[in-house]
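Please go over the structures that come below.
Here chain A shows up in two complexes: once beside chain B, once beside chain C.
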Partner chain A sequence: MIKVKGLYHSYLKDGKYAVKDVNFEVGEGEIFGFLGPSGAGKSTTQGILTGLLQLQKGDVTVAGYDIKNISRKMFNKIGVSFEQSNVYNKMTAKENLSFYARLFDVETRDPLELIELVGLKGKENIKTGEFSKGMKHRLVFARSMINNPTMWFLDEPTTGLDPAIAAAIKDIIKDRNKMGVTVFLTTHNMYIADELCDRVGFIVEGEIKLIDSPKNLKLQYGEKLVEVEYTQNGSVKKDCFSTILQKDKDALNKIINEKEILTMHTKEATLEEIFIKVTGRELV
Partner chain B sequence: MKMWSSFKKELILAARGFYFYVELGFAVVIMLVILFAIPENFSSTNTEYFYFNLPEQGREISKNSLLENDTDGKIEEVEIETGGKVYPAGLIVSDEQEIYIFESEEAVRELADSERNLGVVVELDENNELFYRYYLQGYESTRLKNLLSVLLNESTVVLEERINNQEVRTLTTGFEPITERKNTIPPLVAFSGSLMGMFVMAAYIFLDKKEGVIEAYAVTPSSVWRYLLSKVFVLLLTTVVSGLIIVIPVMGFSINYGLLLLLLLTTGFFASTLGLLIASFYDNMTKAFGVIYLLFFILMVPGIAYFIPGWDPFWVKIIPTYPILQGFKEIILPKGDIVYPLLTSAGFLAGGLVIFALTNIRFKRTLSV
Partner chain C sequence: MLKRIWFIFLRDIRINLRELMTVYMLVIPLILAVGINFLSPGINDTSVNLVLVKDENPEQAAYFDDFAHVQLMDNQQEVEYRIAERDDVLGVLAGDNGYYILAQGNEPESVVEYARLLNVLYESEVKLEDARSEIIEFGRTAPPLKKMLVNILLLLITMLAGMLISMNILEEKVDQTVAAINVTPTTRKAFILGKGFTGMFVAIISSIAVILITGFYSINIGQAVLVILSVTIISLVIGFLQGLNSDDFMEAAGSVKLLFLPMAGSIAGYEFVKGNWQIFFYWSPFYWAYRANDMILSKSGSWPQLILYVGIILVICGGIYALLARRIVRGLQ
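This part shows the complex of A and B:
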């Protein structure tokens, strides 16, 4: 569904790249998660894939269309949910969706049904200017599926939502995917990624560090993390070490030899911990 | 279908916004000002200041010749104050003129300067011939200056002979001048319709940029140019409505409304695409304000020139509002030219299309994520 080869993008064309040498493929029916801290280049990548940003360097095809000479028809097949909640504040929720629906050439979904689906029932005739940020974000999410897309781009679909609503959104994505929809999802929420994604790509400072399935990552790192409590200069310290990475092994060795160990046990790594181990970066 | 739906949406947004009513309200205010505050005709008398630096006899002869036209045949003794000084003068009033005769050249010079009227000093030179010194305002055209020197250097007899021997053939028959009130319509229509269109369009785009809705539009099968064009249509509608609000009450149905609509639409199109283009370079109104203000000022200059007869330099004529004003003027003149407004319309349509194409490219390039 998506093929990206040697993708570079510099906003100011000044040799400073927001994404550099990005390569990945997303198969049909797959949920692919782009994970990385804010500023990593996730939205930039999605922007290029959806034709919002001009392709500068690299080869990109989406749903069979070459992004170099984009065809408006492509947008009948794809749906885009934005990080920014971009709706008309002076129009009601229903008006926003109804107007949007008419821009497509294909059959579209009932705006009221979608509004209900994202938990905004009863708010359909309220101007979105009066909505909270989270409510607007859900409306943008609902809008992105109005044309029954087979290729669905979701930029931070659950960010800023409370956990119950985030879970509901997650279920909607799962449902659509079961019907065969391919999903490209960017997030910095590891739990969502862990539960939803068939494969994840770790991106930091514009570069992809690793692509694999959460399952493989856990097999590789699972039960291979050691949590150690020890005393140092009279106070208790707690650290986590991988038993695969050489530098972690060395550090652990040093502590065992030099410090007084209080507790020590192995544990299953979360995706977040794996991310930190692999990229050396926190997910904020 | 997509176009219609976009247009309808833009209309709803405009109707729920603020600028829509500003534009129409403005037109209503202008219409009321034209109807109730501007007189049908300004006082058409012009004022001139004379000083006859001549012997007593010559002074009397000159005064008497001016008096021939006076309404009551008498010189009225008045005092005029300027720059803290009071000058006594004799006032001769005719249908077309008010002539003040002073007793010093200083008075003439002071008043010509402060009141911005023509001042004339008449004296004798060494050959005992009449010698005229004119105090002009500085903006008079070379033609007027030449005319004055020709009038004075040729003996009046020769001139009269020549004028009488000239054959005058009238090209347009039945030329009627329009009233001063009607004369104010072209600049006001151009200002409230076309110029406001530019400003309001930019304001609309900045609202949309703030909300980020252009990006949402850009990921649908509908093109960005449709989005831009639907905005232009809304602006055209308000331009036409505000133009008609001003024109109909003053002109009634005596003019060619087809031609008026055409010129309103094409100039409105040009102005709104200009607004689009400006808005494509900036993120918000605050950043664009300098440029918009500057452009507004430049485009206003032909409106100023319109009211200063004799001030019509070349550079004013190449400012786009100049042909707009002249076009509207031809339309409201009873026997105005039809070709001029048609050509002007064609020009603005073409110009608008070029700017629109440029804008479309710019908007596609400046989308963000």
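This part shows the complex of A and C:
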């Protein structure tokens, strides 16, 4: 569904690249997570893929369309949910979606159905200028589905949402994916990526460091750890031991045999910890 | 593409009609047009108004009607009441020694003298056919002050259209909605045309309304619309650019108002500068638009002349657009 080969982009065209030599592919029906800290090049890459930024160097195809000579027809197939809540503040939620729907050449979804889907039922006739940031964000998410896209770009879809709403949004993404929709998810939230993505790509300073499934990454880079809380000389101590390293295993055995254990938990490495390990950067 | 241009236009019009500021901008030319009617004499009015008693002397009434605005009252008392009203009206009434002129006393002397002379001519049985003098005219059919004010108002409307565009673009910028439009099949050309059509539509409707309100019914409205459309291009280009470069409406409107300077200069140049010096205003599309409108309002122009003026306006506006188009397109990315 997406093919990116040798992608470079420089905003000032001065040889300083926001993304450099980016290569990846996203298969049909896949949820691909594009992960990285702020300024890593995620939005630049997504901007090029969605035609918002001009392709300078490299080969990119999206939904079968060559981005070099972009065809407006491509936009009938793709949906984009922006990180910023870019809706018309002077229009109601329903008017926003109705207007947007008219700009497509394909059959579109009922605005009221989408408004209900994202939990905004009853707010359809309220001007979005009166909406909270979270409500606007949900409307932007709903808008991205109006043309029934087969290729869906989601930029931080759960940012600023309360856990219940975020869970509902994740369920919608899963449902759409089950229906065959390909998802390109840009986020710095490793938990949502871990939960939703078939594969993830780590991007730092414009370069992709690695691409794999969260499961493989955990197997490859994540150590199984045991976190132990115990008493020593009347005070409570807390240590973490690897279940792979012999030295740690011996130390853990010793504590179990000699000390009074208060709590003991196994711990799996998170995607965030793997990201830090691989890139040497935190996801800020 | 036409479908999308239409929907963008409809959206903008709908939003504009909800905003107090834009409604004010749409209504103000009409209020000014009504104001012009109050301030200047009507295009079809004669300068002398006479009141006579109905059926007292129909032949005299018919004679006066050819040279003045004649009003007939049922009796002498009604004539007196009419004379007592605020406007300049003179009564011509039968007395013991022929007809006399009834006036309030504060009427211009020339008007009273005209009425007296008219009565003398009637009594002397002088007819228009008796006149031997040939009339050679400059072709002016409208009161010069009124024509000038209407012409200025028509140019002002194009400026308001630019401000409207500026506001609509600014809305897109503040709400960051251009990116959302850019990921639909809508081309930038369709977006610009949709936005521009709003300004054009407002300019046309307001211009026609102003022409009709001010009484210029008999001019060629199609010609006037053609001139308004051509000169509106420059306001739209500036409106687009300022909308994209501004952060709030006051800043955008203030920038568009800069166009007042060349506009006022062009009008002053045409009205007050000697013919051979007018060449210094040829660069201004407002100069040509004012000149073309003057011709249309005077009903003294021909189509080839008008097409020449519109052609010059389009060439100048097209050049300005070509200079600024890249900045506009870049701003919409």
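Some points to look at:
One rule holds in what follows: the second predicted complex is superposed on the first by the 238 of 284 C-alpha atoms of A that agree within 3 Å, B and C clash if a C-alpha of one lies under 4 Å from a C-alpha of the other, contacts with A are read in each partner's own complex, and residues count from 1 in each chain.
To be clear about the criterion, a residue touches a chain if its C-beta (ideal position, glycine included) is under 8 Å from a C-beta of that chain, and two chains touch if they have at least 3 such contacts.
Bear in mind the structure is a predicted one, so any value in this text is a computation, not a measurement.
Once the two complexes are overlaid through chain A, chain B and chain C clash, as defined at the top of the document.
Of the two partner chains, chain B and chain C are each touched by A:Y100.
Applying the stated contact rule after C-alpha superposition, one finds that A:R72 touches each of chain B and chain C. Judged by the touch definition given at the top, the superposed model places A:F202 against neither chain B nor chain C. In the superposition on chain A, A:M91 contacts both chain B and chain C. Contact with neither chain B nor chain C is seen for A:Y17 once the two complexes are overlaid on the shared chain. Contact with both chain B and chain C is seen for A:F82 once the two complexes are overlaid on the shared chain.
When chain A is checked against chain B and against chain C, the one touching more of its residues turns out to be B.
Applying the stated touch rule to the two superposed structures, the overlap between the chain B and chain C interfaces on chain A comprises residues 50-54, 72-73, 75-76, 78, 80, 82, 84, 86-91, 99-100, 102-105, 140, 143.
On the chain C side of its complex with chain A, the touching residues are 3-4, 7, 11, 15, 18-19, 171, 174-177, 179-187, 333. Interface of chain B with chain A (complex): residues 1-2, 5-6, 9, 12-13, 16-17, 211-213, 215-223, 364-365, 367-369. Taken in their complex, chain A has these residues touching chain C: 50-54, 72-73, 75-76, 78, 80, 82, 84, 86-91, 99-100, 102-105, 140, 143, 147. On the chain A side of its complex with chain B, the touching residues are 43-44, 46-47, 50-54, 72-76, 78, 80, 82-91, 95, 99-100, 102-105, 140, 143, 155.
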